[in-house]
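See the structures that follow.
Here chain A shows up in two complexes: once beside chain B, once beside chain C.
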Partner chain A sequence: MTENGKQAYFTRQATGLVRQIGAFDSFVYNQSYINVGMILLYAFLFGAALYPAGSLWLAIALGALIAVPTALVHGMLAAAFPRSGGEYVYNSRILSPAWGFASNWNITLWLFFYMGVGCNWFSVYGLSPLFRFLGTRTDSTSLLQLSGWVAGKHGAFIIGTLTLVIVTALYCRKMMLAVRLQRAWFILGVIGLLIIVAALTFTSKADYTSAYNGYYEKVMGVPDGYSATLAKAKELGFVAGGFALLATFIALYWPANFFFWGNASTYLGGEVRHASKTQLYSMPAAVIFSCLLAIVALAAFGKTVGKELIGAVGYTALISPLDSPGFIYSELGAIACGTFFGTIALIGCAYWAVAFVFSVLGAMTRNLLAWSLDRVMPDGLSAVHDRFHTPIAAIVIGAIACEVGLFLFTYVPAFAVMVGIFGAYLTFMTTSISAALFPFRKKDLFDLSPVNWRIGGFPVITLVGLLSFLGLLVLDLSVFSDPYSGVSINPATDAGTGAGVPFRMFWINLGVFLSGFAVYFAAKSIRKAQGTDISLAFKEIPPE
Partner chain B sequence: MTRIFYAADIHGSELCFRKFINAARFYNAQVLILGGDLTGKMIVPIVGDGCGEYSTVVLGKAETASNLAELAALEERIRGNGFYPHVCSGEEHRKIAGSSERRSELFRTLILETLERWVQLAEKRLDKAQVRCFIMLGNDDDPIAAKALERGGIVVNPEFRSIELPGDWEMLSIGYSNKTPFDSPREISEEALGAKIAEQVEGIDDPRRAIFNFHCPPFDSGLDSAPELDERLAVQSYAGQPRPVPVGSTAVRDAIIKYQPLLGLHGHVHESRGGAKLGRTLCLNPGSSYGAGILQGVIIELDESGVRSHQFVSG
Partner chain C sequence: MVGKEELNAYSCTLEQVASELVRKANARGIPLCLFGGLAVRIACRGILNREQPLARPINDIDFASYSLHRRVLSTIFEESGMMPWNEFNILNASQHLKFTLLVERTEVRVDVVLDAVRMCHTIPLTGRLLVDKLCILPTDLLLTKLQIVELTERDAADLAAMFLAFRFTRGLREGDRDDVKVDYIGALCSKDWGLHRTVTGNLKRLCDVSGRLLTPSGQALLRKNCKTLATAIHQAPKSTIWRFRSLFGERIRWYKVPEEV
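Let's turn to the complex of A and B:
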């Protein structure tokens, strides 16, 4: 309020001068999207396993570095347009309503898909390791069998569907209970990760190897699991060690794709306190924090578990699942803990598997409501239930889209792995272009905004937008360089699901984005016949 | 067919007001309604050093002006954000900072000056034969601001008047709200608000052909969801999401349910853009993003049978 000792402004008694969502809450929200647990999981499962010559440290650090401009783009646009709705608002106003809708439609569909994926993850990467850990520690065959069942396709689909039904019911009837549960579980998730880091830090490699051997024997029935794991991986073609820049670049995709989600609070823009600062700082801060946490965890795993074992476990799980116990990062970490702390750690880490399920439904339902209010979608979509005060139609439609995603991810190999990330990033690329063009296409709004900074007369947001676009291009190159990403621009690529399938997935990614234009123009035509011009929703009235 | 453009809660944004006036031509509307909360909440002092240099802080950023052209541009930008610029000396700045009475007086002066300028702009730009323009105060507006709306030209303050609109529809207007935690200038108890509404409705022939232009939305209608506050006015959030609670008026809700007017036009709760049906009554709240220079509004088309269509817009 003061500048050089002077009062910078005077206020009067009026409504609205309230503290809204603070920097920490915004940070937590973005953390749940970036998801440090899944960064570790995919970095281990794919990065260390398939590209053992790649440096995970470097991949994680570079991934975060190239994601920061995208976080800044969203932070700056959220500061300039402090409204809920994210790119739907920015791109509609800066580019055109059709681009705004198409980019928002695209990300909404992919996020609903990944919410379905999150339901699968919860079963496979959340419950299965927990049941197996408890089963080995209590010598319970039933728990070990249950662990195997929930990790299988049918088990994952059934558990995933139940998870979806429970979360949807909570959002329909007890939304606040759902968000409280998420917040508590998030805290437990961080604690779980810290327990693992601490346990690995204070456990010697020899002690860990001994614990691993005991654990492995109970799961696989084979003694000396450490040697057995390495031997099996080598037999299947795994070659450990060395360093190669190209391998690091290709491995970059697996941890890096998560860092680009540090912009989730952009959808809550209208509710964020001091948006010009909170959004601007909390988004890149979430990226940097996740990066540091991942690197600290990586150091602990590297010291005690060893990169070779991590890579061998992941490689065997991918190449010959029946020969692998399929240990993921949380279970490898819990092995170093006692039963109590290991259980707490695994319950906590289950949050990272299910985090998307909680976060997406709330945020993406807002998009459906916005489309309905703008008459692009039917009015009924924004109807709020009289008794529960929640937009049940929007929530249920979102849940159905998630169930489709769960089914595709679980049963259709072409949709497994992370095939929609390239498509989802088309939205971020569009938003990066919007940011770059903002000072030129909406000069008045840019000049009024709190991010109207220039360096040597050149708008900073334009520079950041271009860097963001470049970072996304780098990531796309990494995606296309890795046959296991499931998406390719080469028609001959085979990711184990058949030659040409990744190429088809590339077109599906593009098709989802372009379908947004088709939906928009169809809605425009229908509404025009009803006497409503939906393009007016975002057309700016000239002030002069 | 009559086309109405309704907006509210521009809170001193000069940019939004200019857009509001131009909305008549842009949306081809015959009736413009600005439903309350017209005035700004903040004065930004621009302190001159007596030698032609001026300095201030806008949105946390230090700004300077070295000549009158730069000063005018700076004032324009401050007005665009919904603040009142006030050029003063360092001595005057100290006096204002040290006296709440001086600050209140300065607010009243700037509010009146600004509204009078706005009304003049509306008179200049709008064609009386083509457009009717209704502007009323909301709960956040100092009652003194009504003076600026009583010039008797094209701008009409509709509050506590029965206004006949084309198509034989009648509009009742009340800008007062129920009590808020902010102790704003024009908030009253639910009982008093209910009495004012009843008094208004008594004066019309058929409430079912009425439009209730009430600044405050009906309680628990989905148009009145605001973040829950604690006693320090801090928003209560859970897992990064605010906990929404209804803050609208029970008196407004009761009146709508009892009289079942054609349409309810509301503002007040910026976060609750949307529409809701209470019985046969369509209630609309376009929300507000005045701080970003965006004029949120709603276009309503009325024909002889009622509301033909409505469309939310962000101009």
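Let's turn to the complex of A and C:
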């Protein structure tokens, strides 16, 4: 520090703050929103099963490619507006308060729903495979029965509710407790996946088939499970093999829809350390990391398990669940491991099933706080608990919304697929438009922002915003092309839940988004009657 | 350009405002103690009058208290005309509150850290804040400056003032006298290699720059007190974690980087 006797000083001006969420936590948050485990699960269960002629690795690579601009849009806006509340802050300032609220209201409702879905997944895709693996390896009938119970509707609802209570309690007590647990389990989740990849890589197809047969026999009581699985799937109409570009495009939706979710840390903007860099890089990094991990895993599964078996297992599970053992990716991988490593792998992979629950509650609570502080919602929503110092009202209300989501996903067939993805993307599309217009509608803010880059005079964020919008449009086309997506613009579509149900879900998706406008204008008129003009809060970037 | 006298008068106004807030909190049995530049100004008043280059303008007010009293403190501050940083105060409710106060048409930022000062390093304050004390203990006040990795010229001046104003004595327990208990600092540094690295680095640095800030007699006293403190830190038995962390040295960052808010 001392140079030639002259002292170099720094220019810090005031009492600083060490923000709680660092670069790694931010990456974990975004990676967990994307969720590589669920990419594999849905790619196998729907992509490989329903569109066997589609190329999964191509779908994953393309999905990641079209999702990168959306990650960049969120990263750039979060760098320019380092405040909590995500698109509520950006869209309300760039477009209009009503659009800002409606887009954020929409994503918040859907994310609480998907948090409930995550609670269900933890039971069905996290604990059930683990108990079954342990039961099979230790010849424990009780564990096998427990596995069956937690995979059933009531079991999933009860375990899901318990999971929700535990995560809510952690957030109520201290957010960093949940963040630390998530960080540790995330690392175990990646290790679990890598154990599976290593085991599959070093296991020959013949050895795997033998291990699969042994495992299948203990679960289903039928010998030669490999042949039995393929035979049953063929009997039910499964046709393996080949390559078709259209099938790849339709199958694209299943892995790709996850890649667009790498934006969790935008909602925690005010708590992210060195936001301008962390936000900008952690979101695209999460997309790229997930893509690479998924492709590596896919290669290992392809080599040893084989696309045909993967598709057959998924197809039987979808068409005739009673005839299927319902093996998911983690269990198919654990079969290649010994008992110890298989257990570690499955405990790790259970993280991917529950990851969404951890991420959503923290992020969406910030949206509720932002609404309350802007007086769009009641002041009580931002109340802080005296002892725990956490926004307990927002957390508990979020948890209740999540419980409703868990109930709907578990018991109402129309909600049992990824039916809210289209609706959620309406928010991302709005944010993409917002990003594209940012340099023109808020020129002064844009010029002062750390993302004021231009190429040949044209703002980079506008280009990225347009590409993001285009990517989301491609994915929406994929959603509507797939009758099994749960959402359709064709009134006659039947995805197994009844003709017309996917069409109704399309209107529900639109309705949820539009209801945000109704809520905003109702709140505005109520506050006006109380003597408060809430639109004034949107004139500036909110202080922290 | 604002003159020195005006700055001095402004600092006096801030001191009055701070004292009034401390009085209101103390009246409710809540310890609220100053730290930062204003606390140094109050605790080292005599030295600052003698060693003029060390005197500097005060722009903000920093308080320390306990998270247990967060709600009552917020009420006191708001009743005193301060604007709370609502979102910040909710998101950081367990450790930090922020307010803005208008003093002579200038916005003053008022920070209240709760239970500890968490900047480059964490300085615990639990059980160390006293009702009826305007400032935090001299030991803690010194530590809040010694834990800064990127020292500003103001921080260096504050540190120099404290090394001249306070008595540096051995022992862990704070007595009645306003002394710096060097063994307490030694004990904290012996548990945390990072804090040890920053504090010892700053002591060396302070001795290097003292020539620019102090008179020869002031330099001699500062060096003597620095040596007393450095010896206590050196002699304190190091924990296993300290020794393990020391193996990696400066290859791993040993401090956190506080950001402007």
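Throughout what follows, the second predicted complex is superposed on the first by the 516 of 544 C-alpha atoms of A that agree within 3 Å, B and C clash if a C-alpha of one lies under 4 Å from a C-alpha of the other, contacts with A are read in each partner's own complex, and residues count from 1 in each chain.
Rule of thumb we're sticking to: contacts are C-beta pairs under 8 Å (C-beta built on N, C-alpha and C of every residue); 3 or more make two chains touch, one makes a residue touch a chain.
If you're wondering where the values come from, they're calculated on a predicted model, not measured in any experiment.
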{"item": "Chain B versus chain C as contact partner of A:Leu373, first or second or both or neither", "value": "both"}
{"item": "Touched partner set for A:Lys174, first chain B, second chain C, both or neither", "value": "second"}
{"item": "Comparing the two partners chain B and chain C, which touches a greater set of residues in chain A", "value": "B"}
{"item": "Chain B versus chain C as contact partner of A:Gly362, first or second or both or neither", "value": "first"}
{"item": "First, second, both or neither for A:Glu331, with chain B first and chain C second", "value": "neither"}
{"item": "Partner chain in contact with A:Ser382 - chain B first, chain C second, else both or neither", "value": "both"}
{"item": "Contact residues common to both interfaces of chain A (with chain B and with chain C)", "value": "7, 9-19, 83, 270-271, 273, 369, 373, 382, 384, 389, 542-544"}
{"item": "For the chain A and chain C complex, residues of the former touching the latter", "value": "1-2, 7, 9-19, 83-84, 174, 270-271, 273-274, 366, 369-370, 373, 382, 384, 386, 388-391, 542-544"}
{"item": "Parts of chain A lying in touch with chain B, wherever the complex brings them together", "value": "3, 6-22, 25-26, 28-29, 32, 80-83, 89, 93, 176, 179-180, 182-183, 186, 265, 268, 270-271, 273, 276-277, 358, 362, 369, 373-375, 379, 382, 384, 389, 444-445, 447-450, 530-534, 536-544"}
{"item": "Residue ranges of chain B touching chain A (in the complex, touch as defined)", "value": "11, 15, 18-19, 22-23, 26-27, 41-45, 47, 56-57, 59-62, 77, 80-81, 83, 90, 93, 96-97, 103-104, 106-107, 139-140, 180, 182-185, 220, 222, 225, 227, 229, 232-235, 237-243, 246, 268, 270-271, 273-276, 289, 291-295, 299, 301, 308-309, 311-315"}
{"item": "Sites on chain C touched by chain A in the complex", "value": "36, 59-60, 62, 67, 70-71, 85-94, 96, 98, 109, 111, 113, 118-119, 148, 150-153, 156, 205, 208-209, 212, 256-261"}
